[in-house]
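You will see two complexes here that share subunit A, one where it goes with subunit B and one where it goes with subunit C.
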Partner chain A sequence: MTSGRTVVDIGSVGDPSARRDRQSRGTTPRAPWWLWAGALAIVLPLAIAILALGLRVFDATDAAWNTLLSSRTLSLIWRSFLLTTLVTVSATMIGVAGAWLLSRTDIAFRRVWGVLFTLPLVIPSYVIAMVLISSTGRRGLISEAVGFEIPSLVGLPGAWLALTLSTYPFVYLITSAAMHRTDPALEEAARGLGASPTRVFRTVTLPQLRVAIGAGALLAALYTLSDFGAVSLMRFDAFTRVIYAQYSGRLDRTPAIVLSLALIVIAGVIIWAEYRTRGRGTVFSKTPNRHYTMHHITGMRRVAALGSLSLVVVVGTVLPLGVLTAWVVRGISNGAVVSIPWNAVFGSLSGAGLAAVVAVVFTIPIVVLSVRYPSRLTTLLERSVFVTFSLPHITIAIAVVAFTVTWLTPVYQSMLVLIVVYASMFIAQSVSSAKASLLQVNPQVEDASRSLGRGPLATLTKVTIPLMKKGLLAGGALVFVTTLKELPVTLLLSPPGFSTLAVRTWAAADELLYARAAMAALILIAMSVIPVYYLSIKPREVS
Partner chain B sequence: MADPLISVADVSVSFGDVVALDGLTFDVPVGELLTLVGPSGCGKTTALRVIAGFQGASGGTVTIRGEQVVGEHVNIAPEKRRVGMVFQEYALFPHISVGENVGYGVRGSHRVERVSEVLDLVGLVGYDTRFPHELSGGEQQRVALARALAPAPDVVLLDEPFSNLDAPQRERMRRELRKIIRAAGVTAILVTHDQSEALAIADRVAVMRDGKIVQSGRPDVVYRTPVDPWVADFLGDAVMLAGTVNNGTVATVIGPVESDLPDGSAVQVMIRPEWIKPTKSDTGTCTVVDTEFYGHDQRVEIRLADDDTVEALVPSLEAIHVGDTVELAILDAVIYPA
Partner chain C sequence: MRRLVLVVVAIAVAGTACSSGSGESLTLYSGRSEDLVQPVIDAFTAETGIGVTVKYADSANLAATILEEGAASPADVFFAQDPASLGTVALAGLFDTLPSDILTRVPERFTDDAGAWVGTSGRARVVVYDSTVVSPSDMPLTEDGFVESVWKGRVGIAPTNGSFLSFVAAKILLEGEAATKAWLDGMAANDAQKYPKNSPIVDAVNAGDIESGLVNHYYLLRSLAENPDEVGMNFFFTVPTAGSLVMPAGAGILATSQSQEAAEEFIAWLLNDSSQRYFAEETFEYPLVPGVAANPILPAIDTIPTPDISLSELATVLDTATDLVAEAGLL
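Up next is the complex of A and B:
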């Protein structure tokens, strides 16, 4: 044997993950063409529309460039930046503090608190915004109830509060999931060396959680930057609201397109910044579910802890549900027409349902390619899915409108396009959920099926898909819930006559028809609770 | 000799800079049970995966029943090779019952019959409705074997089939596996890193090193006449003694050994511990310094006249104790040029 070459016995290693890793190199079998066909069918249309949007810059009019370079745009960037920063900081503080209190201290009913803490996930940001607007100010519900005027929450403070309540659960979920995976021995060692609970948190726990907190903060920041519903109701001129105004109020769509591209660039900068600050300092425990020492908090600290947890739950969950119910009751007693909007219910169910089904079906080829046939191309495929997920929805909507109106007029504002856009926007959620499932499946099981005479397609349908069923269903539920809440894409791409509960809630709230908005919002929340309950509100890892 | 059922010729596989198979060549005649044995990292599992079709080769050919399945521009899909495989971790389908597992590769009307036939063969009658997670390791192993045999393949490949069993189960399964494979009349290639397992179960054993076969033959022959000191040492305990040929013999510290090599050649003499026969003698120049009594035999450590020590494996009937003086006789030896 030539010196310098090493020989490795592929597979005599007991660890299946090591085997998988090694298989990936060298003469790996090629993926069947139909996997690629399936994956590209869902990824390419949106990618092409977005790239086409980029090319539009070249035929932008002078007026469009003036829009972009005007001092108005600069102040727009400043306002979006300010809002995003404020929300990210406050959501991160609430999320991390909540995660620590509920997974590292001996506060009673931690499980119940944990569920209550994640409930705002099913309340869309524009519903929280509407609740805040309609309950404060001169004629606000709370002002009337308490008998004096509570200052009205609109503009920046309102948007800040509404979006903080909408986004802190992301930070909370990701951080507490990571807390459950850290090695308790490290914290115990620090305690044993005489460090106080706060010092342990600061010097041992927090550094291990940096990546998780960063990921949660990134989600909060991107959510805020791309949120349209809350800022538009709050009359706060952030990017998305201005883009929508530019789009709907003018014949020339180029200014909206130019601003959309600017927004994409800003989102890219945030993702890049988070990526750059990501360290390698995380050490996860090899034996999960080990026992953690719970800190005992007493006296004033306990009161303060319970008080702040309650405040978050009251403002984020109790208040919205209470105010919505109050509006419905008041509407009915005033004789206003508060009927169940069947058209919107049907629209929401069919839109979100079809989107979930389409997303799940196309998740299969993407996940199988990325797990079983890892290569540069499949990595690129997976990345593109996540990039799409992080793009502001209003820019996706603008891109698709611009593309279909020019090149695909027959399907412009058709149900087909709407469903495809929903599915490809949110497929990242089902991809990460299904990927986690498939990684648990020993690839030898698929090899066994092949050696027993079944081809790749039969192996996929009889072995692989049944074994990743749980992940696919959970992913489908996530896509369903996210689509239910979706607003800007639905506004811009719906076929004539098509409506959803989200659109109805937002439009009614915009016209100050609160009883009507509250009815739609309550149904919307009820519809999201079911699949979220199915997902059992476990701390999930969001990649 | 009839045409071999499987013929592997000059197969090479690399993973980047890492060479897993380096011109691997061997034939397996119909009905033979061949074991591929080698230290971990020698490429034996890769060899199985190439034959089964899970791994492509960068060079060489594989022929099964006269049909080329691996070759230049040829790589027949695993499902078309009619090769059964038993995986190291069994790889049973966790979502379907034992019966459905076993019947997975069987098509046609005789499916039910065939499932109970094969379950009977492996001694698991009545297990069809159970699920894989309800079975012990040994039972899972049998299901895996039954599943591989059910479509009546011409050849079965077994990848470290005993590595997930505990020691007593392993020995029992080894004997049983051999019987089942005989009864099924199937040709088999078994991969293992355990040399005693390889020798015990095989019709023929092939020793692999660095991605190729260094020696193959009947287990007793390979054990008794290893081609080089590495194989000798890999297959069992070996005492290595240096010496020089003089008048057709090598004088070792234990005693003289005959050699065909020309006078003056420096050689290494390989003697297995059970080839050394100590006899108690008051005039002996060697002393027993330690014994380990196993029951079926005993290991005896002996200090030689020059203060070196050697180990001998002695039948248990031989009464031999620490402090005894002995004479040594050499029953057999293999000589390698140094």
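Up next is the complex of A and C:
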């Protein structure tokens, strides 16, 4: 794994200003056309479908404009914004704290903690919501266990908790991967000079991680904005709930379309804000992956650290797994017929597996363009994948159904379209992860390859891709687990006969067949354990 | 990494290969869930040799998809949960007329006036209530009683759900727009608790979060099947009102279908005695074909008071229903 890294030690490294100087002198070379072709191949199809949907605004009826301009819409925008802000703040705090505790301190069983800490990522947010709802309240599981009434989790607190649990792993994964890539020498120097762990973290570690934390927080924010399952079960009036209601409650589909476009604007503001506040603090390491001497934390601090890790793991991982298992057992003991839905297992594996592969392949041109050939156009290209990520899935589904059935009838409801849509919906995650990887690869390595006579394509495949391999694979794993959870696009775009575990979970729970729903959810979680194991352990094997 | 990619691709190819079949086949869009109807479909294939490829999704979304697809729709049959979704497709003129030997198997009120779709099983609107705090004698005469202040904050509704919207549409047909608007505004003012769909309402009643809720009758029965200790009970209104409507799930054949005969055979299959018994016993719905008995724990379908409306017209006021729900601030 580390063989490719030793070449990094060339010339003056360790200062990003060298790279910036090169760019500001205007010597950024022109990007090869095939990079653009590759990037546009994944970005354009969905963008065109969504633009085509946008054009329908011109057909919008009075009902659509009345819906958009009502005071209720304004209050919904405010509520969605409030929820997104709260979730992003708490997810970022939990994610960063977890990353630091599990990569920079000497807490025991860090690998086990790492897997448990990442698992909520693979549990669909509506399953987390269902579990939280059934555990609280007057006759809830927790109330009956502790003997007094825990208030029901509904509305803002419920949606906030469910979505924080669903999204903090984004921040945790991206931040801890970045921690493993940064040079521990600076932190050790600061410690050697007598700085406390807190001070080292605040003044040395944190500034190096700004890009990674920002990327994780952005994914958390956009995921929250597009979520429908958790907010609807928690009965929190968010913007997406109304889009769904307008879509399924009328023959006239323009109100749903107009509201979706309004949501694109909100997402655009968030993406722009993240871009504006992003730091440029990237540090190339002379000796990356060098063994890091862990902070030794003792006494009350250790108790507090273990206590807070346990709290998150108990609520986010142990409770859902426990409740799901209890549902299966309760159902079976009352005569429910529960079997493994093999068709859905294959559907989930093939859909998510292919989506991950396609996303990883097309991430390469997007990331290389945005990092190595920075310009307005490449920035726009990279940012556009985040807009897609933030759209409610029902909007994407409507757009693609309308577009393919009209213009691409032969591939309508084909695996091809489903996979391309999955990949382009979730590619933001692999772009984030791979970009963080590539930013830490010194461009002089590639310059060296080119000056030694390798062409741009050979440099890309022989030097750049191997150096960003970890980021790409982690990105692929993220795309895999989020595709496994996907619902609305799967329902509307999949070929007849295609089913997934997420669909089976949702549909069975809808009919109150909890034993079957829980069975499908448990298989889904089990399937994600391998990529999660990879995500949470591989970066740690470096020392 | 290369090996990993190969494994993923191999699994994917195997997965897609599994889903392709051969021989005579039908494409079915089902708004009813796989858990409930797949056994009936499997039995059909075993008996007739006709393969059925099913696309499962929410009824209203499938109706919207069929409208979007128009003449290009791959579907032969649309099997939906509610008459509003069926009516949406019928209004767009995308259904063929069913043969009369299919239409006449069920009572006329459960078929489309123009014969575009036929009901296959019945679902009664009921009030589910927490039997530890409410008794049937506390129940109002109709749903109108729930706007009274004694029910403030104690009633759950699913304003964005297809079956609730169908009920609102029925109320518009029955009592007019003004009365329906007044009722919805009254419910909103009385702090009716909003849920996304029927199932969480039944869960909330069982969990003691709310005391009653407007739902379809079978959810409670399914929940009791997995957990007999639940405290919820069903209450059926005793006078004809939108709240006592029995709405059928049903099916129609797409006009663009190339397999009309197989499609007719399939719908006839849904109406044979064994399928009707399956709906009665396994999904706890009302069989609609005379002579097949309902689940004995349910009141007989003839004893449920029937409001005088045509189910075919529900879809014509669906948009109005959504507007009124939105105006009441319930969306």
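Just so it is clear, the second predicted complex is superposed on the first by the 322 of 543 C-alpha atoms of A that agree within 3 Å, B and C clash if a C-alpha of one lies under 4 Å from a C-alpha of the other, contacts with A are read in each partner's own complex, and residues count from 1 in each chain.
What we mean here is this: a residue touches a chain if its C-beta (ideal position, glycine included) is under 8 Å from a C-beta of that chain, and two chains touch if they have at least 3 such contacts.
What you see is a predicted model; the values in this text were computed from it and never measured.
> For A:Y412, select first, second, both or neither according to whether it touches subunit B, subunit C, the two together, or no partner.
So A:Y412 only meets subunit C here.
> May I ask you to decide whether A:F346 touches subunit B, subunit C, both, or neither, giving the answer as first, second, both or neither?
In the superposition, A:F346 touches subunit C alone.
> Quick one: is A:L369 in contact with subunit B, with subunit C, with both, or with neither? Answer first, second, both or neither.
neither
> Of the two partners subunit B and subunit C, which one touches more residues belonging to subunit A?
Result: the larger residue contact count on subunit A belongs to C.
> Once chain A of both complexes is superposed, is A:R454 in touch with subunit B (first), subunit C (second), both, or neither?
It touches subunit B, and subunit C stays clear.
> Could you tell me if A:V463 is touching subunit B, subunit C, both of them or neither one (first, second, both, neither)?
Touch partner of A:V463: subunit B, not subunit C.
> Which partner does A:V445 contact after superposing on A: first (subunit B), second (subunit C), both, neither?
So A:V445 only meets subunit B here.
> Once chain A of both complexes is superposed, is A:L261 in touch with subunit B (first), subunit C (second), both, or neither?
A:L261: touches no partner chain.
> Identify the overlap between the subunit B-contacting and the subunit C-contacting residues of subunit A.
none
> Quick one: which bits of subunit A touch subunit B in the complex? Just the residue numbers, please.
Interface residues on subunit A, with respect to subunit B: 1, 5-14, 16, 22-23, 25-29, 442, 444-445, 447-456, 462-463, 466-467.
> What residues of subunit A sit close enough to touch subunit C in their complex?
Residue list for subunit A touching subunit C: 63, 67, 70, 72, 133-134, 137-140, 152, 154, 232-233, 235, 241-242, 244-253, 327, 330-331, 334-336, 343, 346-347, 349-351, 353-354, 356-357, 398, 401-402, 405-406, 409, 412-413, 415, 469, 473, 491-492, 494-499, 503-504, 507-516.
> Quick one: in the complex, what on subunit B touches subunit A?
The touching residues are 13-20, 22, 38, 40-46, 49, 52-58, 75, 77-85, 87-89, 91-95, 104-105, 107, 147-148, 150-151, 159-160, 163, 191, 193, 210-211.
> Show me the residue ranges of subunit C that touch subunit A in the complex, using the header's touch definition.
It is residues 1, 5, 8-9, 11-16, 18-19, 21, 27-29, 33-36, 53-58, 60-61, 64-65, 67-70, 72, 74, 88, 91, 159-160, 162, 165, 193-197, 199-200, 202-203, 206-209, 219, 222-223, 225-228, 315, 318-319, 321-323, 325-326, 329, 331 of subunit C that touch subunit A.
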